[in-house]
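In structure tokens below, several structures.
One chain, subunit A, appears in both complexes that follow, with subunit B as partner in the first and subunit C in the second.
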Partner chain A sequence: MAIGKAVRRVDAIAKVTGRARYTDDYFRPGMLVAKYLRSTIAHGRVKKIDTRRAQRLPGVEAVFTYEDVPPIKFATAGHPYALDPAHQDVQDRLLLTRHVRYWGDEIAVVVAENDLIVQEALELIDVAYEEYSPLVTPEAALAAGAFEIHAGSNNVVGESCYAVGGNIEEALAQADVVLEGRYRTQICQHCHIENHIALAYMDDLEHIVVVSSTQIPHIVRRIVGQALGLPCGRIRVVKPYIGGGFGNKQDVILEPMVAFLTLQLGGRPVKMHLSREEGMIGTRVRHPFTTQMRAGVMQNGTLVALDIDALSNSGAYASHGHAVAGAAGARSRALYPRTAINYHAKTVYTNIPAAGAMRAYGAPQMMFAVDCMIEEAARRIGMDPVEFRLKNVARQGDVDPLTGEGFESCGLAECLQRGKALIQWDAKRAARPRKQTGPVRRGLGVACFSYATGTYPVCLEISGARIILNPDGSVHIQVGATEIGQGSDTIVAQMVAETAGIPLANVHVVSTQDTDVTPFDTGAYASRQAYVTSNAVFRAATALKAKILEHAGRMSGILPAELEITDGRIVRRDDRARKNMPLAAVALDAYYDKQRGGQLTVEVSHKTCSNAPAFGCTFVEIEVDVPLCRVQIKEIYNIHDSGIILNPLLAQGQVQGGVAMGIGAGLYEEMLIDPESGYIYNNNLLDYKVPTIMDVPDIGCAFVETFEPTSGYGNKSLGEPPIIAPPPAIRNALWDATGVKIDELPMTAHTLYKHFMKAGLL
Partner chain B sequence: MFNIESYRKAGSVAEAVRLLRENPLARLIAGGTDVLVKLRKNQEGFHHLVDIHDIAELKCITRTADGDLVIGAGSCFTAVAESPLIRRYVPVLAQAVRTIGGPQVRNMATIGGNLCNGVPSADSAPPLLALNAVLTIEGGAGPRQMPLEDFFQGPGRVALEQHEVLTAISVARDNYAGYYGHYDKYAMRAAMDIATIGCAAVCRLEDGRLQDLRLAFATAAPVPIRCKATEDRVRGRRISPELLDDIARAVTKDLQPRTSWRATKEFRLQIIATLAHRGVRQAILEAGGSIA
Partner chain C sequence: MKRTITCTINGKRKELTVDVRQSLLEVLREQAGLISVKQGCAVGECGACTVLIDNVPIDSCLYLAVWADGRSIRTVEGESRDGKLSRVQQAFVEAGAVQCGICTPGFVMAATAFVEKHRGRKVTRPDIRPGLAGNLCRCTGYDSIITAVQKSLDEGDEP
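Up next, the complex of A and B:
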């Protein structure tokens, strides 16, 4: 049995010894490097561009500008293609642009022998701009008569709403208490270790090979084809090991350009590798939200109404567009399914870096707002914050009021109970004075969340698996599921071992995806891989096992139904101790017996038509140094209902990484943009304050294991959820400690200073 | 890839001076933690390098017969922080340099480079200013000496000629014996950051009085700076909570923090007052004093 075991990552040794190959390790002879010329204004139009001096520089192979690229607008979001044109992603990009929409927009590209020559050439290009006034905020972009960042858009990317649980105004009218709030979240960046990188070359006159650090190789193939006007069969995408993505590689960034360049240069290999400074502005960021909310609550603690209005800032291009705000809205429904909810959201264009997918896809923004409101509701009616949540959160058997889908597994209440015990909630609250004075104060906070497992029914969910029995009795498995550091290769190996009865050491996972040969899967996002892949792998491993037993039956004359595979051996079900046969013998026979022979392989493409909500919560205790405007986390616990935990070691890693990222979003990180010019101040890791190992405390994690029947192995999402609840939990603890309510992120020292001054604490 | 046009490695201070004189465009590189950052940005003035990182005579940390401490300018921060002499006689300096960057940076970055880079946020500067450190500079015509305080001339500007090498930083015995100190770095995170405010407090006590106080700050003025008016105001006064309050109020008048996108002046003043209060308090406690 391999599921539920803390087995070591299948790629651990290769990675720590430096043998694992990443995109930058795919060197090709004669390879050229390319780099974008980025705009030095945030909004305007290129009046004139002169590349002659750059072209004359020795070592420069080519210079292309917006005048040289195909006039094909394409969408970059890493979504499955929608057959319905109304649901297709917004096609608002060209390979290079004349209309500058953010500080750093791509107006030309230089291809040269090396990085130094490329840099020198870029400095030799003369650009004259016609400048427009930058629209940095949603308010500016939506103002009457505002310049359209994309013609015909009114600066609106998308808008949507839903209402469940009855009329919102009636529900609010009946409430004992009605509360209002306005919440703001910031621009965050993913800060994956490996920057964006891609290379492309042609081995013949027809096919373009793209090697890329991507979460979505099959989607990249489609979009490269669309952007270049080529059928996707002529595009081959290879995904080697990747150094993190967090959603920023669930978007097509460099791949169409390197494909275009190699095509222009007769198939010569061309590589693009963004610097950190470029990557932080020229890829994607997290959408900042401003959320206006009303809540209706009864004195007995029932949350009767939530009226939510979210404004999401997509920046210069649509990328994932309104999908993020749409997904964000669904989270509150699953968390409070018995409450009347009215949700409205709008996503707008502005002149800041384009927003896209980032870990938990809108949920951190929305759950921050919702949880701040929930905290206020509990305090207003004088109820313990945990009790208030326990009374209102989703329970097993609840139904999503919009889709009608029942929650077949839900352990959120148990998560809250577990967290309360872990942090000693009651004892600590009882021991503390009612009102704290003095420079250093302590506070306790809680917050909870729900999240999805995949994108169904909004998007299609296909996964693929191919298993081949080798002559030695081991297997190779290929999956479309992409390993991006989250551990999916290891989980896949565990699933095969569990179902087929093959020892884990004999399950070889082909880590690299190559769209020419890898089964189809849309990729790593939406915390979907272990869930949707589970069904494909379960079916494939079950089918392979049946084929093996059938072959063993033909060899032995025993009915396959009487046989079983255990630990790599064929045994009789009724007498496991009796003489048995190694799997290797069956495998060798299948390959080489002149009569019975025939390779034993299975290929499965599975479509998942379910989406199980995962749940959890954060409990935190902090110490606030008021004069220094500083928060120190003393204890923090994340408790998750992610169904069955497939690998406790990997699960713990996901939780700790996600909580650390959540702490970053809560207390440290924000991309700062000059409101006048649109200039980005801190596109580097010195000035953008990702917390270090010295800033992140020990992180406690616990799991409430439910069994999710729609998954092959009972599991639900875990990749993204850990990031969601730490910021609101810290905010609630800060309120608890100081009496100061902060409704914006991040809660840096500067933010605390502003609020402490206002509250008269300083 | 770096755009380096010439690179010469010096085996001695004398050779370094000669190589600098030969090429007026050349400048020194030691640990490289500042110079390589500038080269990566292709910043003018860093394309010709004379490398002094491997010169043994620059890496000694010694104590003279008179008890003066002499720190080779090429000593990396790890060496300074771990030196038994530094830890025993001027622990405030060890405390300060341990806040710089992370372990990898401290293994490369040198104390001399930190001073010659001349930025207001240099963490080694406040404790050295508070210890009345003196610099030894070699330019080919025999060493010259200069108080560290006179070395800082403006943001990124120091009193060092193109052909000169800072060779050593000295702290005279009288300036540390009987003194106790504390350094606090306030930054936005606990490592890999530059100081929003740095504060070194060094004091000597006698009979419950603050016989001497030397207070120096980083990132609170265009250069790392001493708070002379505050020091004069409180010298000789009896230790009390009121004295600490007075220092916290007075110190802001000695400094000129500014508003930038990184932090507002008002926020910096809040931190300055708090660090001065707490830093002096800590230094007094280190010195065995008590605050009624």
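Up next, the complex of A and C:
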């Protein structure tokens, strides 16, 4: 049995020995390098561009500008294709643009022999701009008469709303207490350590091969085809190991350009590798939200109403568009399914870097706002914050009030109880003076979240798996689901071992996806893979096992129904000790017997038509140094209901990494943009504060294991959720420690200073 | 301008002709084929390119290849011998300190230098943190990496 074991990653050895190949390790002889010429203004139009001097520089192969690219607008979001045109992504990109929409927009591209020549050539290009005033904030973009960043858009990418649980105004009118708040979250950037990189070449006159650090190879194939006006069968996308993505590689960034370049340059290999400084502005960021909210509560602790209005800033291009704000809204009703909720959201264009998918896709923004409001509600009616949440959060048997889908598994209440015990909530609160006065104060905070597992029913959920029995009795499994560091290859191997009865050591996972041969799957996002892929893998492993037993039956004359595979051997069900034949013998016979058998192989493509909300919470204890405006985390625990935990070691890694990112978002990280010019101040890892090993404490994690029946192995999402609750939990602890309520992120020393001054603490 | 340098890479003497403008990172990857040396920023921020130069962890992206003349360089490729992982590598595997893996070679080298320096000494988790503060990891939250270093220090004295 392999499920539930802390088995080591299948790729761990490749990675600690440095042998794992990433895109940059795919050297090809004669490879050219390409680099964008990026705008030095945030909003305007190129009046004139002169590339002649660059073109003449020895070593330069080609220079292309916005005048040379296909006039095809395409969408970049890594969503499955939607047959319904109303649900298709916004097509607002060209390969290069004349209309500059953010500081760093791509107006030309140089291809040369090496990086030094490319750099020199870029400096030889002369550009004259007609400047427009940059619209950096949503307010500016929505002002009457504002310049349209995309013609015909009114600067609105999308808008949506839903209402559940009855009329919101009536619910608010009935409440004992009505509260109001306004919450702001910042621009974060993924900062995966491997920057975006892609290369392309042609082996013949027809097919373009793209090797890319992507989470979504099959989607990349479609979008490259769309952007170049080519059928997708002419595009082949290869995805090797990738050095982190966190949603930023669930978008198509460099691939259409490298494909275009190799096509223009006679199929020669061309590589683009963004620098950190380019990557931070020229890929995607997290949508900053401003959320206005009203809550209605009863004195007995019932949360009766939440009225939510979110404004999401998509920046210069739509990318994932309004989908992020839409998904964000769904999280509130799964968390508080018995509350009347009115949700309205609007996503707007501005002149900042384009926002896209980032770990937990809108949930951190929304859950921050909701949890801040919940904390206030609990305090206002004088109820313990944990008790208040316990009374109102989702329970087993609740239904999503909008879709009517029941929650088959929900262990959130148990998560809250467990967290309370871990941090010694009651004892610590009892031992502390009611009001702290010294310079250094302690505070406890809690926050909870819900998250989906995949995107159904909004989007298609499809997975594919192929298993081949090798002549030595081992198997190769190939899936369309992509390993991006989260450990999906290992989980897939465990699933096969569990279901087919083959020892884990004999399960080989083909880690690389190659769209020419890999079964179709839309890739790594929405914390979907272990859930969606489980169905395809389960079916494939079950079918392979049946084929093996059938062949063993033919060889032995025993009915297949009387046989079983255990630990890589064929045994009789009724007498496991007797008549036991190694799998290798069956495999060899199937391959090489002159009459019977053949290669035993199974391929399954599976559409998943369910979704399962995962839940959890963060408990944190902090120490605040008031004069220094510094927060130190003393203890932090994330407790998750992600269904059955498939591999505790990997699960712990997902939680700790997510919590660290959550701490970064809570306390340190923000991309800073000049409101006047749209200039970006900190597009590097020195000034944008990704947490270092000094900033992150030891991170505790625990699991409340429920069984999710819609999943092949009882599991639900885990990769993305851990990032959601730490920021509001820290914020609530800060309030607990100082009496100061901070409704914006990040809570840097700068922010704290502002609020402590206002509160008279300094 | 090109210059010829002689250095020891993973225990073997090597003669390399390098462009004086090239970083050690570029030369190790492109000429020596040591793909474990990763580039995350190229300006000394992330530590993904960490190698040991005379047993001291260095960001190879900031170190000119010509400076390596006469020095001894260690990369992760040289740490496992005869198909056996080094103690630090083994500890990274067991502690779950590897996710996407792009920071891993750099971290393994920084950790190796730390472990070699602190062998036989009593070291706590807070002591380990500053020793690895030059390396960023966006996946693990560092917890398991610190555990891996602890494991490598704990398990006997034999390398």
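Just so we're on the same page, the second predicted complex is superposed on the first by the 762 of 762 C-alpha atoms of A that agree within 3 Å, B and C clash if a C-alpha of one lies under 4 Å from a C-alpha of the other, contacts with A are read in each partner's own complex, and residues count from 1 in each chain.
Criterion: a contact is a pair of C-beta atoms (placed from the backbone, for glycine too) under 8 Å apart; a residue touches a chain by one contact, two chains touch by 3 or more.
From a predicted model like this one, the values you see are computed outputs, not experimental measurements.
S.K.: Would you sort A:Y753 into first (subunit B), second (subunit C), both or neither based on which partner it touches?
M.R.: So A:Y753 only meets subunit B here.
S.K.: For A:R276, using the defined touch cut-off, is the partner it touches subunit B, subunit C, both, or neither? Pick first, second, both or neither.
M.R.: So A:R276 only meets subunit C here.
S.K.: Does the superposition put A:G166 against subunit B (first), subunit C (second), both, or neither?
M.R.: Neither: A:G166 stays clear of subunit B and subunit C.
S.K.: Touching A:G553 in the superposition: subunit B (first), subunit C (second), both, neither?
M.R.: neither
S.K.: Check whether A:T692 is in contact with subunit B, with subunit C, with both or with neither, and answer first, second, both or neither.
M.R.: A:T692: touches subunit B and subunit C.
S.K.: In the overlay, answer first, second, both or neither for which of subunit B and subunit C A:L116 touches.
M.R.: both
S.K.: Under the stated touch criterion, which partner chain does A:Y241 make contact with: subunit B (first), subunit C (second), both, or neither?
M.R.: second
S.K.: Applying the touch criterion given at the start, work out whether A:G4 contacts subunit B, subunit C, both or neither, answering first, second, both or neither.
M.R.: neither
S.K.: Between subunit B and subunit C, which makes contact with more of the residues in subunit A?
M.R.: In the superposed model, C touches more residues of subunit A.
S.K.: Enumerate the residues of subunit A that count as touching subunit B in its complex and touching subunit C in the other.
M.R.: Overlap of subunit B and subunit C footprints on subunit A: residues 116, 685-686, 692-694.
S.K.: Okay, in this complex, where on subunit C does subunit A touch?
M.R.: Its residues touching subunit A are 21, 30, 34-43, 45-46, 48, 75-77, 79-80, 85, 89, 92-94, 96, 98-105, 108, 125, 129-130, 132-133, 135-146.
S.K.: Sort out for me which residues of subunit A touch subunit B in the complex.
M.R.: Counting only subunit A, the residues touching subunit B are 114-116, 119, 627-629, 668, 672, 674, 681, 685-687, 689, 691-695, 748-750, 753, 762.
S.K.: If you look only at subunit B, which of its residues touch subunit A in the complex?
M.R.: Residue positions touching the partner: 1, 3, 42, 102, 186, 188-194, 196, 261-264, 266-267, 270-271, 274.
S.K.: For the complex, which residues does subunit A have touching subunit C?
M.R.: Contacts found on subunit A: 6, 8-9, 11-22, 24-25, 27, 116, 190-195, 241-244, 246, 275-276, 484-487, 649-650, 652-653, 656-661, 684-686, 690, 692-694, 696, 698-699.
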